[in-house]
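The structure's right below; bear with me while I get my questions together.
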Amino acid sequence: MLVLIRAVIGRDLRLAMRRQADIVAATFFFIIVVSLFPLGVGPDADQLRKLAPGVLWVAALLATMLSLPRLFADDHRDGTLEQLALAPQPLGLIVFGKVIAHWLVAGLPLVLLAPVLGIQFDLANDALAVLTLSLLIGTPALSGIGAIGAALTLGVRGGGVLLSLLVLPLYVPVLIFGAGAVDATVSGLGPQAHLSLLGALALGGVFFAPWPTAAALRIALE
Amino acid sequence: MLEASKLECVRGERRLFAGVSFRLDGGEMLYLQGRNGSGKTSLLRMLCGMTPAASGEIRWRGKPIRKLGEEFRSELCYLGHQNAIKEELTPLENLLSAARLAQEALDEDSALDALEQVGLHGREDLACRYLSQGQKRRAALARLVHEKRALWVLDEPYVALDTAAVDLVARLIGAHLQRGGLTVLTTHQSVAVPAGAVRELWLGTEEAGDARHALTEC
Amino acid sequence: MHWNSLGDFLAMGNHGLYVWGSVAVMALLMVAEPMLLRRGRKKLVARLKRQLRAERSEARAASEPLTTTRRSHG
Amino acid sequence: MSNRVINWFRYASPQTFYPLAGKLIPWFWALAAIFGVAGLSIGFLLAPTDAQQGEGYRIIFLHVPASWMSMFIYLVMAFWAGTGLAFNTRLSGMMASALAPTGALFAFLSLWTGALWGKPMWGAWWVWDARLTSELILLFLYIGFIALQAAIDDPRRADKAGAILALVGVVNIPIIYFSVKWWNTLHQGASVSLTKAPSMAAMMLWGMLLCALACWMYSIAVALMRVRTIMLERERHTDWVRALLGERE
């Protein structure tokens, strides 16, 4: 089981490395969206500090959305998805591996960039740390939940827009607890409650979402 | 070993075929023929368990494949229309990662050997995107060289191949049948397979929507 | 009865706009939905009938010469 | 036992369900009208003024049933979706797709009446109240479901994909509601709530229940109407639809 998951992750990471343009594009999208906000709302440091968690989190949601359509589409196009579906293991495990790989490629860069971008918004050190931590815990949930949407819209007309329509409402709890953790730190309440709820969501997203995703993939392959 | 009874296939609003039944035992090959759009690929996908049949049942070793699931898939090797080749990876990487995902033990030496047999010697480390159509197909077919699973389901295996490669694939299928394996394949080229019994199945569409099929033994 | 006059009833204690705005939109949509459904259904039935007629006449037209040719072949 | 199962599956076949639904629809319309008239006359003619909110509170006789229905219809939709996936019955998927637009309609009405109630009470058309926000997200979920089904051409695939989405949604709704509520209390949002504020006199409760029943009957009637249309469309090549259409010629 572990061997299989490792094989899937290894394959997807290698593919991503051969096609770095995708990762770089999504990452720069994140940077640009976050950097545009101060230009829109003005450079007032107090206001920026207040906006920072929400802006960074919403930008993270959008950046994740950007890379989701390709999660299964490439494999679907060249026929490898059929092979994965016919492999003698539960498809859910393979999806689990792909979700992890997607997070490593699309989620982790956002986590690493967050402290740097947070500085643009004049966040204090503890808030920066919590922001990074909340993204670290929360972005796997984005990959997991997003995979369901990616599988449901596989090979469907206007899949990209539809994907955001399906997935963004489901991202609401992650957004609330993620941005809320930073808010709670700033207002002195302490982020523990938010972070543990976020952790629960991430566990749910990563471990439960692969099964409906696998079911959706089988439907797409019919 | 592989039995199909009264299979029916409906695509959209069209009924492609109905009442298709056959039985295939070890060492036998089913040669599936029919015009474009007669449902050959659909039937193959049904046999793999990917597409559910509108009605009818497929049994493997006496049990319905729906219930067998992974047990059936571990004995199945499917080669579809698409090559299932990753353009970014080299033929060697493709072969190894496909084997790993199917949880088959394939070491690098056997993989290299397989690639050499299909005539990709010297191109093992070239990304597949630089290969020609025929070479890509060869890279996909390299899986068959060391494939020991009992049931091969091949969709147009000879497409885009030159005569030497067609012969090679026919030899591989022959060896597979000799080992007691089963093969179901579609093709528009008639290629003689060196060993094993061949059955033929015609899928044809009539205006009434009923399928005409005949099972002949050679 | 709670109200003294129709005017009172319509004014809803200065909240008339809000109360009647809610009632109006809700009533409008809840009447419009079944009406649209009825219309859609009628259109569908008409379309399906048209298709059916076309198919039947086609089948009739096609069946006549086809049987004769078959006979001549046989 | 087995007899019963067979019976159920018989009614689950479109061929038998279609005429049955046709016979039931007028009854549900009649019930909807009776409950509606009764509920609205209690709510708008008989119920006393609320001490705190004046006459504006009467919107609850519309708002609360609409909100209940929007949530309840999603549950029913998910139920049909689940049975469709489990038993592979044709009717289930059709029922789920027939319910979605009505659910979306009620979600919209709930938002509309909520906004019209909010303006006099909170002084703003829109307040990020936990209930309103959840209702908004519920509307998005409905729209996503409808859009997904519309985008897939093959009806069977559309049914199955929609079913998975509906089930994922139904698992998520409590999480979303809880998270929005949590978010709302942290940010100290609206303190007056539409559903809690008036001290529920028995008469108000009766009015609301009757209105809710009316909405319920309405939903069933409309869903049956829609499912009949869907059946005709999808089964247009089957003998029973052909016979039905031929009869009417």
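When the chains are written out, they are named A, B, C and D in that same order, and each has its own residue count from 1.
We adopt the following convention: a residue touches a chain if its C-beta (ideal position, glycine included) is under 8 Å from a C-beta of that chain, and two chains touch if they have at least 3 such contacts.
The chain list, named the UniProt way, goes like this: A = Heme exporter protein B; B = Heme exporter protein CcmA; C = Heme exporter protein D; D = Heme exporter protein C.
This one's a predicted model, so the numbers in the text were calculated from it and none came from an experiment.
**Student:** Chains shared as neighbours by subunit B (Heme exporter protein CcmA) and subunit C (Heme exporter protein D)?
**Tutor:** Looking at subunit C (Heme exporter protein D) and subunit B (Heme exporter protein CcmA) together, the chains touching each of them are D.
**Student:** In angstrom, rounded to a whole number, how far apart do the mean CA points of subunit A (Heme exporter protein B) and subunit C (Heme exporter protein D) lie?
**Tutor:** Chain centroid spacing, subunit A (Heme exporter protein B) to subunit C (Heme exporter protein D), equals 43 Å.
**Student:** If you average the Cα atoms of subunit A (Heme exporter protein B) and of subunit B (Heme exporter protein CcmA) to get two centres, how far apart are those centres in Å?
**Tutor:** 37
**Student:** How many angstrom between the C-alpha centroids of subunit D (Heme exporter protein C) and subunit A (Heme exporter protein B)?
**Tutor:** Computed value for the inter-centroid distance: 32 Å.
**Student:** Could you tell me the distance, in whole angstrom, between the mean C-alpha positions of subunit C (Heme exporter protein D) and subunit D (Heme exporter protein C)?
**Tutor:** Taking the mean C-alpha position of each chain, the two centres sit 20 Å apart.
**Student:** Any two chains that touch count here, so list every such pair.
**Tutor:** All chain pairs meeting the touch criterion are A-B, A-D, B-D, C-D.
**Student:** Taking the touch rule as given, give the residues of subunit D (Heme exporter protein C) at its contact with subunit B (Heme exporter protein CcmA) in the complex, in rising order.
**Tutor:** So the residues of subunit D (Heme exporter protein C) touching subunit B (Heme exporter protein CcmA) come out as 153-154, 237.
**Student:** Using the touch rule from the top, collect the residues of subunit A (Heme exporter protein B) that touch subunit B (Heme exporter protein CcmA) in their complex.
**Tutor:** Going by the criterion above, the answer is residues 3-4, 7-8, 10-11, 14-15, 18-19, 77-80, 82-90, 94, 218, 221-222.
**Student:** For subunit B (Heme exporter protein CcmA), which residues are in contact with subunit D (Heme exporter protein C) within the complex?
**Tutor:** 12-13
**Student:** Applying the document's contact rule, which stretches of subunit A (Heme exporter protein B) touch subunit D (Heme exporter protein C) when the two form their complex?
**Tutor:** Residues 148, 152-153, 156-159, 162, 165-166, 168-170, 172-173, 176-177, 180, 183-184, 197, 201, 212, 215-216, 219-220, 222.
**Student:** In their complex, what parts of subunit B (Heme exporter protein CcmA) are in touch with subunit A (Heme exporter protein B)?
**Tutor:** Within the complex, subunit B (Heme exporter protein CcmA) contacts subunit A (Heme exporter protein B) at residues 48-52, 70-71, 73-74, 76, 78, 80-89, 93, 97-98, 100-103, 127.
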